[in-house]
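Every chain is named by a letter (A, B, C and D) in the order it is written, and numbering of its residues begins at 1.
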């Protein structure tokens, strides 16, 4: 399931809801990205490309499910203004065994970082600075296209 | 922090407590291992070597913290009898960036599987079958000794 | 009417997040950029950068051929989500 | 007195999870195994398997030298936790 929302969410509750009633899945991996309270940043603002966002995240999810058959996935990505400590993005993957869960969750995050249409702005006081994507994120995503 | 306990725990609450009040950590990865309700297994029983268990898990935790400086870790491992769907083991790692969190959480689980003194027995009716470790678990752990 | 969308920091350079325009007959992406940028020379140069992706009708434009009907054009700078 | 601990499925083979014994003077791990197994020949063979680890005083035994004081000996079959 994919949710793109401005509302804050509760990572622990999302993790528990995701696993509720499943007795066939031995291994669940979750990732949560939080706003870091570095320097004097008072907030992070994420802009996105509305309906297009769900489409693109959907493509990433389908790729993961094809690559690791049998996994289940849950993705939440927020947009709008968030304070330090707040969750931005949540990914959970469950499967029968841990290797698939770890690898698929890593793949989902590497792909979201470089392919989901979001743009980040760090707010300090009344100034905003747009964040450039990092070379390490492109490198992380690229490894998946080189591997079968 | 390391907890070795027979009591059931709540993975979502553990994840949230672990991140409570942190604003310097951008990325948290959690792993939860659940009892799989396969075949006609009615319960899983885990035996361990009491005080020795904490010592061994502590060594694994220190190795992770040396390898990925700046991470924080949280490990729970249960022993005793558990029903299908119940959580057995929980690992959470937070750090500034996602790569360290993913890699350290994978390392912790690969190491727990082969180095923490636990023995599993699958209970079906009134019969119990001891589980042999899997070759894939040894292979997963071995990769970490080959890499710097 | 066609909806023109400027994403991320492009909206600050364009002076708006989106606007509605009546597109003339256009043959290539270059002509589309020239029309959208109008007198704004720095915007025209920026939109032509290879790092800026053009999304037409919510699909990435592949090749040099514009679709017959253009309901929406979005210009995307490099992403920084997650 | 020394506490002898049998872990995992070894306790079923040994007939108990642990017992207290008065150890005689022993020079090697092999002598320790022989004393612990007593008449139980199949247990003796099993404990001598390389896959079975001997933990003395909560430390893995390295080499062939027994410590002077042995408070606890545990026999561990291959682990299957996590």
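Observations
To be clear about the criterion, a residue touches a chain if its C-beta (ideal position, glycine included) is under 8 Å from a C-beta of that chain, and two chains touch if they have at least 3 such contacts.
Everything numeric here is computed off the predicted structure, so don't read it as measured data.
Between subunit A and subunit C, the least number of touch steps comes to 1. Across all inter-chain contacts, the pair with the most C-beta pairs is A-B. Computed from the mean C-alpha positions, the centre of subunit A lies at a distance of 49 Å from the centre of subunit D.
Subunit A and subunit B have CA centres that are 23 Å apart. A straight line joining the Cα centres of subunit C and subunit D is 75 Å long. Residue positions of subunit B with contacts to 2 or more other chains are 33, 109.
In terms of which chains touch, the assembly is arranged as an unbranched chain of neighbours.
Shown are all chain pairs that touch, namely A-B, A-C, B-D. Taken in their complex, subunit B has these residues touching subunit A: 10-16, 19, 21-38, 84-85, 96, 98-99, 101-102, 105-106, 109, 136, 140. The touching residues of subunit A, counted against subunit C in their complex, run 33, 46-49, 51-52, 55, 77, 88-89, 109, 112-120, 130-133, 137. Contact residues on subunit C toward subunit A in their complex (touch as defined above): 5, 7-9, 55, 58, 74, 76-82.
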